Amino acid sequence: MSVDSALFHSALLALTPILLAALGGAICERAGVFNIGLEGMMLIGCFAAVAGSWFTGSAWLGVALAALASGAYAMILAVGTISLRGDAVVLGVALNLLAVGLTGFLLRTAFGVQGTFSDPDLAGLGGIDLGFLGPVLSGHSALVYVSWAAVAVAAVFLARHPWGLRLRGVGEAPDAAATLGVSPAKYQYLAVLTSGLLCGLAGAQLALGNVTLFSENMTAGRGWIAVVAVMLGRALPLGVLLAGLLFGVAEAVGFRLQGNGLPQQAADAAPYVVTLVALFLSTARRKRRKRPEPLVGAAS
Amino acid sequence: MTPPPEPAGDAPAVELRGITKEFPGTLANDRVDLTVRRGEIHALMGENGAGKSTLMSVLYGLQRPDAGQILLDGLEVSFASPSEAIAAGLGMVHQSFKLFPSFTVAENVVYAAEPRRFGLADRAEAVRRVAALAEEHGLAVDPAAKVGDLPVGVRQRVEILKLLYRGARTLILDEPTAVLTPAEADALFGVLRSLADEGRTVLLVTHKLREVMEGSDAVTVLRDGRVAARMRTADTSADGIAAAMTGRAVELDRMRPAGSPGGEVLSVAGLATDGVRDVSLTVRAGEIVGIAGVAGNGQSELVEAVAGLRPVAAGRVTLDGRDVTDATAAEHRAAGLAYVPEDRAAVGTAPAATIAENLAMGHHRGHGLLRPGRLREHARVLIERFGIKAASADHAAGSLSGGNLQKLVIGRELAHESSLLIVEQPTRGVDIGAVQTIHDRLVAHRDAGHAILLVSAELSEIRGLSDRVLVMYEGEIAAEFTREEADERRLGLAMAGAAAGPDGSASAPGSLAEAPVPAKEAR
Amino acid sequence: MAVQSPAGGRAAGARLLRSPALHSVVAAVLVGALFLVGTGADPFGAYGSVVSGALGPDGIGSTLTTGTSILGLAVALALPMRAGLLNLGGDGQLVLGGISAAATGLYVPLPAPLAVLAALVAGMLAGAAYAALAAVCQNRFGVPLLVSSLLLSYPAVSFASYLARFPLKEEGSSLPQTRRLPEGVELPALGSSTVTVGLVLVVLAAGVFVFADARTATGYEIRMTGLNPRFAAYAGVDRPRLTLRLMALSGAVAGLVGAIGVLSFPYRFIDGSLTAAGHTWTGLTAALLASAAPVGTALAALFFAALDVGGLAMERATEVPRELTQVLQAVVIVFLAARLRLTWRRAAKSAPTTQGAAAAVPAGASAPAETSVRSEGDL
Amino acid sequence: NAAAKDGGSGGGGNGKAFTLVTPDPVAQNEFLKLAVAGVKSAAKAQGGSQKVFQSSDNDSRQQNVASAVDAAPDVIALVGFEFADIVAQQAEAHPKQQFLLVDACTKKTYKNVTCAVFREHEAVFLAGAEAGLLTKSKKVGAVDVLDTPQFRRYSEPFAAGAKKVTPGARSRTLFVGGQSPFNDAARAKDQAATLGSGGVDQVMAAAAGGNTGVFQAAKSKGFQAYGVDANQCLGSPGVVVDNVLKKTDVAVEKGIAQILDGKGGTTVSYGLKEGGMSLTGLEPGLAESKCLIAKPANKDVLQRVEELRDDIVAGKLTVDDPAA
């Protein structure tokens, strides 16, 4: 395995949780729900995955529990914003906060440990050897391949499936959808639920795929990166994939350079700077295509 | 593809019996009976808040009545949601457009009833069906165009296509012409008439007497939630309907006395901005200059550029002798500009803020610290002066009805006593009584020596108020008329792009009803 | 939220009893109690130790010290939020403020009191400049503030960390920290307590915010911008400029908090120590909770500070992990975000004049979200 | 919650009381677990009681120390360099209170502050020597938490040890960094895998909470790793060669005894010589350790390492201290 293929291999690995969560965020965005709680949902998924795997002995039951738990957790956002018309940003931030407290609390009460739970007997998601795909694409956990499939499915669904069309309509003009008998609440609930399920898978991949353990706050900002990826990718599944890939590669390259004299702090900062520059370029390109906007036009 | 209307029976197409709907504190509909025959165009009239929209919402399954029955073709129905109403052959065009701007026309029309192929939405088939439907009913639209790029008149057609696509036999339209020009409105009525002739039924909410008189077969008037009058259009007069609505005699379409213009206040020379080319105009003190034109011909852009809300690409704007071409919006206001924008809820107010806070905007500058007592007093004075119906100045402005919100905006801007007032669509969607109040205020403002630039799609309004009329077409001033020259015919021709001279001796490009709406980008 | 006159003590009391914030706190406390009973702990003992730990004679000093940071950051983040702008870059601005104050305090050859002043000013300037950069990203490059401020935060933290570990590192120490500030270059303590003048500065900032919000034309324009940016722009508020100024102000206050942190014990910049406690998030949450209304933000910030300190005391005194108070905080917010709407619904029922349009923006709470978040309109 | 405060009472009416304040949650932090064990055995030995206050950031550290001082136990033990400033402040304000500061020391000396510091680099050097003897690719590496001098004590001597026994050996260090450097197992694993892909076959795992990630990478990439603080072979059998042991428990227990004997106010440095630093391979009970170094095949490796240890103890060999 050459160094370069290892680089991309690890970039893909780092990308997967971000990608899964960002896909969920993109679907919410399309349905008109701003989901800033990806980080918290993913963290719940991490915990549930480890708990499920540990108590059942099966990593796949862990994955299932992660999806269920994050889906249920996402319902707090759904009920709060869709039914009760609470503020999505407030609730999202609260969910992120709650997840840290809740998983920490449960870790101490259910596992009797603090900080990290890991055990050699904890079943993780093994890599699948798909040798024909080459060293970069082969050898990942099944969830990695699921995430790629999810991108394709989401892209086709949103662009071409009638329900995808309705979902986008709900996000763009809920009143208009309602007058045609499409319930915005229903689609928004489903979108938030889907984002919960995807964040659950993201958490499972992080806790049982990338590593095999749970540690407090182990998402470490990945959910926020997913939020940024949704914006950079304009809530398009393929866009989100590219945005995530950019971030993942920047991070992996940063790692490499770290070994070659780049200060660790610069390596840490690199992916954020690269993402910001990408945002500049993409908005600048869009701006050039568009006419200048009036001051009272849509919020800039 | 449109299922042909069912064979006529004896029963009326729509019958509402004793519909009662109470909102907390408001009896919106009080035992309303309404009978609409098949194949007729039935107008529903009434002042703002009379209960028209509520009644239509009840019929369409958006609201549950507290009491009463709904019968369609003689059979009692009960709708839990609009989709059930749609399935029963009803269709509704709402007061504000319910469209997806980023979708194509075809996508908007087939939304929630998409043709499918292999489980996916079949775009080609959707375009084909919509094109055929448009063709069949003479509604000219490009199915592949993005709705966000279309002018309002075309959007209205998309709304109607949506109903027809779903096989609606009864069409409910809530104030469909509020944003249309007379030409567009005439075109719409042409379509409605042909639909009625096919055997479909049209129920129409409107504030415009002219349309009712010219386009409807029957009229029901609501007042305070109750039926105030029921008549055949042929048997009544505009004055009669107006009297039934307000409970008093109303003087309609009054021509106001001319003003006595003084010195030049606003001068625009060779102005260009997005969608506007080489516009020059002046407005003098004590003068109302009206700008007529089909929506989307650059009026809004022009006004925004003059108000400092849109960058000026070329030309000069002078306000009270000061060059304000590149000045900020705040500098414009300081130089003597007041402005009533077209969209009172999205631009003219902060609906979530209190009425007092909304009334304070602009008046808050230059007094040092803000004193709550002073703000409330200011609000009290304006509420009283302009007859804004509000329970308290501490309520959210969004709680006001459209007409009252409009009075709030106009009152606030008039109170600036600025040398120039720009007013856009001052009476859109406002009932007859309020229209008169607003017109009176504008004329009084002019007579107090202020300059007014009035933009309206309402020809009677333009003619009734303006001392001079400019017509905009495709971003340019296409014609200028004096008060006397500006009759409906000449204005209409100029708006349709005929190079009409002041004598109106131009070649008309066709009848008004078929006037091509410029297919250019709306803002 | 609006300009309101104090309506008499009894009325205010009644309003507090009806206030959704109080209900949410009560609900959260009950949920927490369920947790406690579920894990076999004694809720009364646990809550008792939270209260005594935070407000008792031994705890109040800590609460005020922690409160200094949380209140300061809450004010910093509430300022732009009032205009509907979400500044997620508090950490970066805080840390840059701290490292600049440290560098100034260490290297500016001024007598001690002036050096303190210089350090405070340097901290504020650094925070302001950096936050303004995020505003420029929005104004000039069209990157939504929410994202630009968040993304800029990380490199700032890394940069400060780099400075503390290399150029500004304390010689001979194995720790990632700067030298201790010279003798006397420190904020004086209030009496014999651990609370410093920093608290006074932060309270002053909060006071200015309260006053400016209610009584100045700019405060009014900011509020209107938050409620409807198009309305404000129409009326002549220059939004890009306002964004720039608010962000600079926000960054200045965040930088001030960083400077205060460095000028308080242990009088040096230690890598990670300003951000480790997560006060930026707590402050942001406090501001969000109160829809950035100044007084509410301040109360929420102090409440959270008390919970933070009380939670630690509870953990010392009982078997209950301090994560409980974190859960409590979050539950309060979840309930409040939901309650806001519920109370509106009830109000709408009793007041016939209130209608949908007003409520579409629940008590202003959604204003920040509407504007800043939806700002990427063409996503 | 097992690691936190048990005891609390115990001992007689005039039993001694000790409070341990940790800089971070004890959690799975082996180093802090040992400190807790130390204060417990001290309490047992002295017939007294003990409490553990866990902190998580500078605020909570200050609050916990202040709270401990208010209760005035016989000794307040603190582990971690984070406490240097706080202890200096409190020691001056409370001259009667005895402090035991482990793993760091105040700049000035105080009569009531006893310090215990470690010379980690000595043991890390030995681990590096093992790596140098075991490496096939002649490439060794370290995954370190952060790029600070303190943490470089776990990477640079490792390289030095390897080079000592295998001239020409190459070394590389990667830092976890990121948003939560002490607890990001995913990043740690990624870094370790990066080393592995680069041909490194011996990796020093100094990633704190992230060590599990390093061991998981070792398993999948087929390299060998070295743990820290406690016997980490048990948790990840088959991939861990040996562990750098930092006997915080010994330092805490001895320090408390020393203070109670009235011999406080000094600084004791623990290295190989004092038995404060060691390797699992050099300790009794090696056979049950599940460490790779215990394999018979590695007997001569261990022998060479023992020689090096003896040289260091005897002062014939000095290891460079990156934090000096």
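All chains are identified by letter, namely A, B, C and D, in their written order; residue positions are counted from 1 within each chain.
By definition in this document, a residue touches a chain if its C-beta (ideal position, glycine included) is under 8 Å from a C-beta of that chain, and two chains touch if they have at least 3 such contacts.
Keep in mind the model is a prediction, meaning the values are calculated, not measured.
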| remark: Per contact tally, chains sharing the most pairs are A-C
| query | Taking each chain's centre as the mean of its CA atoms, how far is chain A from chain D in angstrom? | reply | 36
| Rounded Å distance between chain A and chain B, as computed from the means of their C-alpha atoms | 44
| field | chain B and chain D, separation of their C-alpha mean positions in angstrom | value | 76
| When you check chain D against every other chain, which residues touch at least two of them? | 1, 4, 146-147
| request: Mind pulling the residue numbers of chain B that touch at least two other chains? | output: 309, 329, 341, 347
| remark: So chain A residues touching two or more other chains come to 108, 114, 263, 265, 268, 295-297
| Pairs of chains, among all present, that meet the touch criterion | A-B, A-C, A-D, B-C, C-D
| task | Please name which positions on chain A make contact with chain C in the complex. | result | 29, 34, 36, 76, 79-80, 84-91, 93-95, 97-98, 100-102, 104-105, 108-109, 114, 224, 227-228, 230-231, 234-235, 263, 265-266, 268-269, 272-273, 275-276, 279-280, 283-284, 286-287, 295-300
| chain C to chain D touching residues, read off their complex | 58, 62, 65-66, 69, 165, 173-176, 180, 194, 265-268, 270-271, 273, 276-278, 308-309, 312-313, 315-316, 319, 321
| Quick one: in the complex, what on chain C touches chain A? | 35, 39, 86, 137-138, 141-144, 147-148, 150-152, 154-155, 158-159, 161-162, 165-166, 229-230, 233-234, 239-240, 281, 284-285, 288-289, 321, 323-327, 329-331, 333-334, 336-338, 340-342, 344, 359, 362, 365-366, 368-379
| note | Within the complex, chain A is touched by chain B residues 62, 81-84, 86, 92, 94, 96-103, 107, 111-114, 116, 119-121, 162, 274, 301, 304, 309-311, 329, 341, 347, 523
| Touch list for chain A against partner chain D, complex | 1, 3, 6-7, 9-10, 13-14, 108, 112-120, 124, 127, 206, 210-213, 215-218, 220-221, 255-256, 258-259, 263-265, 267-268
